[in-house]
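Structure below; questions to follow.
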Amino acid sequence: MATATLLLSCPDQKGLVATMADWVYRHDGNIVHADQHTDASEAVFFQRIEFELEGFDLDRTEIVPALSPLLERFAMRCDVRFSDERPKVAVLVSKQAHCMYDLLARWRMGELEAEIPLVISNHPDHADVAAHFDVEFAHLPVTPESRIEQESAMLALLAEHDIDLVVLARYMQVLSAGFVAKYPNRIINIHHSFLPAFIGSKPYHRAAERGVKLIGATAHYATSDLDEGPIIEQDVIRTSHRDSAEDLVRRGRDMEKVCLARAVKWHVEDRILVYNNKTVVFD
Amino acid sequence: MATATLLLSCPDQKGLVATMADWVYRHDGNIVHADQHTDASEAVFFQRIEFELEGFDLDRTEIVPALSPLLERFAMRCDVRFSDERPKVAVLVSKQAHCMYDLLARWRMGELEAEIPLVISNHPDHADVAAHFDVEFAHLPVTPESRIEQESAMLALLAEHDIDLVVLARYMQVLSAGFVAKYPNRIINIHHSFLPAFIGSKPYHRAAERGVKLIGATAHYATSDLDEGPIIEQDVIRTSHRDSAEDLVRRGRDMEKVCLARAVKWHVEDRILVYNNKTVVFD
Amino acid sequence: MATATLLLSCPDQKGLVATMADWVYRHDGNIVHADQHTDASEAVFFQRIEFELEGFDLDRTEIVPALSPLLERFAMRCDVRFSDERPKVAVLVSKQAHCMYDLLARWRMGELEAEIPLVISNHPDHADVAAHFDVEFAHLPVTPESRIEQESAMLALLAEHDIDLVVLARYMQVLSAGFVAKYPNRIINIHHSFLPAFIGSKPYHRAAERGVKLIGATAHYATSDLDEGPIIEQDVIRTSHRDSAEDLVRRGRDMEKVCLARAVKWHVEDRILVYNNKTVVFD
Amino acid sequence: MATATLLLSCPDQKGLVATMADWVYRHDGNIVHADQHTDASEAVFFQRIEFELEGFDLDRTEIVPALSPLLERFAMRCDVRFSDERPKVAVLVSKQAHCMYDLLARWRMGELEAEIPLVISNHPDHADVAAHFDVEFAHLPVTPESRIEQESAMLALLAEHDIDLVVLARYMQVLSAGFVAKYPNRIINIHHSFLPAFIGSKPYHRAAERGVKLIGATAHYATSDLDEGPIIEQDVIRTSHRDSAEDLVRRGRDMEKVCLARAVKWHVEDRILVYNNKTVVFD
């Protein structure tokens, strides 16, 4: 059954929960999930309310107008989305295929409430994977000189497919600030360290060199500051002196794919709010 | 600042969140924590609301009478507790001291919102530990023949100290059904396996024999069915073929104490609701 | 570079490590990995020695004859395998594809030192997956009445492909004792609970019913006693009252595939010794 | 039964395992634990051999002289220690008592193969804790001006008690390079982050600010570069947007104490080798 989800944030004040719950109730909404959070130090209130559209006495297009007096009164920001309008996701990949395989297999098995119409790669290697999942594959090679044109071509493809979310599934190219600015909080990257440790390139090799006893992976929204965006999810596994840098690369893949998939799932289910370069995840 | 906490449960129905939030709001309550859960398969609603007493327009004694129309209307069960009326905890212990030390040290460091006036043991070994923490120590030895009298003596001590929660901190005696019935959902035990695996005695030895790759600990409310009560918290650590049963006993202690401490903390902060032999933990 | 691996076990006695290391050394072997374990309570010694074939002064066929005096002297059991003679693996699957996808994608990416020439399923659903990975797909439906013939057909296929290891990648049929006996310690199953908890069917549903706070997965060798075989690897994830049985099914998949993949990898790299229904894993 | 432990390291070369095992064997040693590791990229070999002293045909004082031809031949470094000559440990603490309590309670329960004759603190608060465990307590307050004298007083006390290992159990003062140099690889610190993330002060506050989803703790040997020493052990726990910096401080304690205790245990059991600012831990 289709649901509507409201993602709200505003300065904290008394009566917010009561008012919002009452608003849904008065319109005959049946709440299937509600969660809220107050950041006490910043005095900001966050809420996610998901209610069934069946029986609700407003049409989809009437919801925002009906809410607007409340939004003004509380200086509230509100996103409204509908579960049956599935976001469109593009997967960007380079040579390593594990995250791409994992996302596409989950999608095929019905785990992801999204559409994946497009895979873009700077290498031709995995065209057959996209074909197997019936997804369009675009091979857009890139050199330092051609980066601007390649990004333009990517942006055109993303626009053409009406993409809502870009997933960097071990896409090993740095995106320009201009590209990132086109999709604020709508590009998810997987970095292969527990950020803020080992920002930058070759984190597993640096982890091996430093002799850490844990390695990690971090799914985060891409921002113009590399590896500095809002963190959505992190995971770690234990290592020991027995693991070479190559072992870490191999063993880390399991974390990377699971961590990235969780972040993508939460995003497409509208469970994430971003503020102050941090995330509230209503999982 | 003192707070009031409502722990609510009732058959699920529309308008519950709105009504309860509105009730607190109309009485000028400032909600510092609110969480709710609906068990969809059982159609039961659970909620925990914690609000500041300062500024609330009802006295403590007026809260339940003021709530009663709502409780009746929704067939709602409600517990009301106040953060500055700290529950009294008795710790029962045998020869192994790690859980007792851990709880008492946390209490001394201000981690537990409770009083611990009493330690009871069937062995005399740890009287000095209780003394160090300024807690009364009662040595009540027990034999199969003397169990009834020993339990009577324990009950008398618990009553005398007005104990709200009994913590079995590796207390190696089985309590009678009669004893347990006196403190429903108010006796927390730590079992040294990930229940329902290895119910009964010597779980680490049986884990070693079975060759499992994980060992666990389970904090649960004691019921008359041994190791079958509502589970509050569980934890595991990895083991390997290198761990003998004795290694498991030693290594398991770290889980046991952390797992038990979490359960006790949640209980004394009124974060646990029990239904159908399961727990809802609003952590 | 190709290596030879010796997997040894024998009654514990002085001088074993010295003798075996000396034997490799005298034949100019360069040891790249050596690990040993003594089960003190059973007085059994286990060792894994992997050495480079280049420079070793014995041919492959000469190794066992050259070892035999030592094997006799120590009453030692010894398996010898060569890294460039990759074991052949068959994957058995039903409707759920996550473990199959995961294994095949790992294999394609070079993570598994094995060949996977064959997928068998009692359903036709995933023929295209096998095709994508260039693996033969055999659809062998089964009913209670046809089980014996279906198993015969499977055995014929396994023999035809010279299969060394059978992986039950969420294959939802019980195999007969006769079938299992054909592949002792060469059938790996993934069970979706932390055994010995929730032996049998629908473990996630029973986990939800019992209200556990962790769910698990267990990779084990199949024996004629269902879910009682030697455990190779286990993993768990946290759950809460918010997870329905269906949530557990979905969330558990990530554990299942990672846990199974680890077990398969260790097996094909000759890292597992079985004794007393337990495993020694030299990882 | 008393054992001898050899901790060896040398340039990698053929025949090391055979030679060392043979040496123990020829002297009638019964090996109870042997583990080795080769760092392939650095071509360094490490080994830990523990054998029973009973039946061994050399006296304790004869071991090093008897080994010296081998040590020369292989350019091998070797430490020899005896399990019944328990290292002496001093615990340094400030206001937070959880690590101190944990270590002292483990020691009382027989978990640590060490003596703890001395607690030093820059605050007087926990004198009674030391007294409870029958350990001498030295209160040595420190100001920026008095640091040199305070460190001199500490060094005198450590020398007087013949201390082998100094444990910084949340000791919140920076030690001078001169102090640290007196105890190379014999001072263990617990840092409350997963290093190299959040080097320096207030890591939990910075973790909350950065919005990480995991917090960690790192036990490491102290070097003159703050938080840059060889890492012995690390652990993490999950956090969420709901955890304030204060919550992280409280929740982190459980990791800190367990992580530090593991490192101390491995050190006093001679399981740690240091090279290239990294550790090999034969656990």
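Chains here go by letter, A, B, C and D, matching the order in which they are written, and residues are numbered from 1 within each.
The working rule: a contact is a pair of C-beta atoms (placed from the backbone, for glycine too) under 8 Å apart; a residue touches a chain by one contact, two chains touch by 3 or more.
Everything numeric in this text was worked out from a predicted model, so none of it was measured.
When every chain is reduced to the mean of its CA atoms, the largest separation from chain D belongs to A. When the interfaces A-D and A-B are ranked by how many C-beta pairs touch across them, A-D comes first. Chain geometry summary: the mean Cα position of chain A and that of chain B are 37 Å apart. Note on chain placement: the centre of chain A and the centre of chain D lie 41 Å apart, centres being C-alpha means.
Residues of chain C in contact with two or more other chains: none. Every residue of chain C that touches chain A in the complex is listed here, in rising order: 96-98, 101-102, 105-106, 108-109, 111, 128-129, 132, 250, 253-254, 258, 261. Listing the residues of chain C that touch chain B in their complex gives 37, 39-41, 194-198, 210-214, 216, 230-236, 240-242, 244, 276-281. Per the touch definition, chain C reaches chain D in the complex via residues 14-15, 17-19, 21-22, 24-25, 28, 30-32, 34-36, 38.
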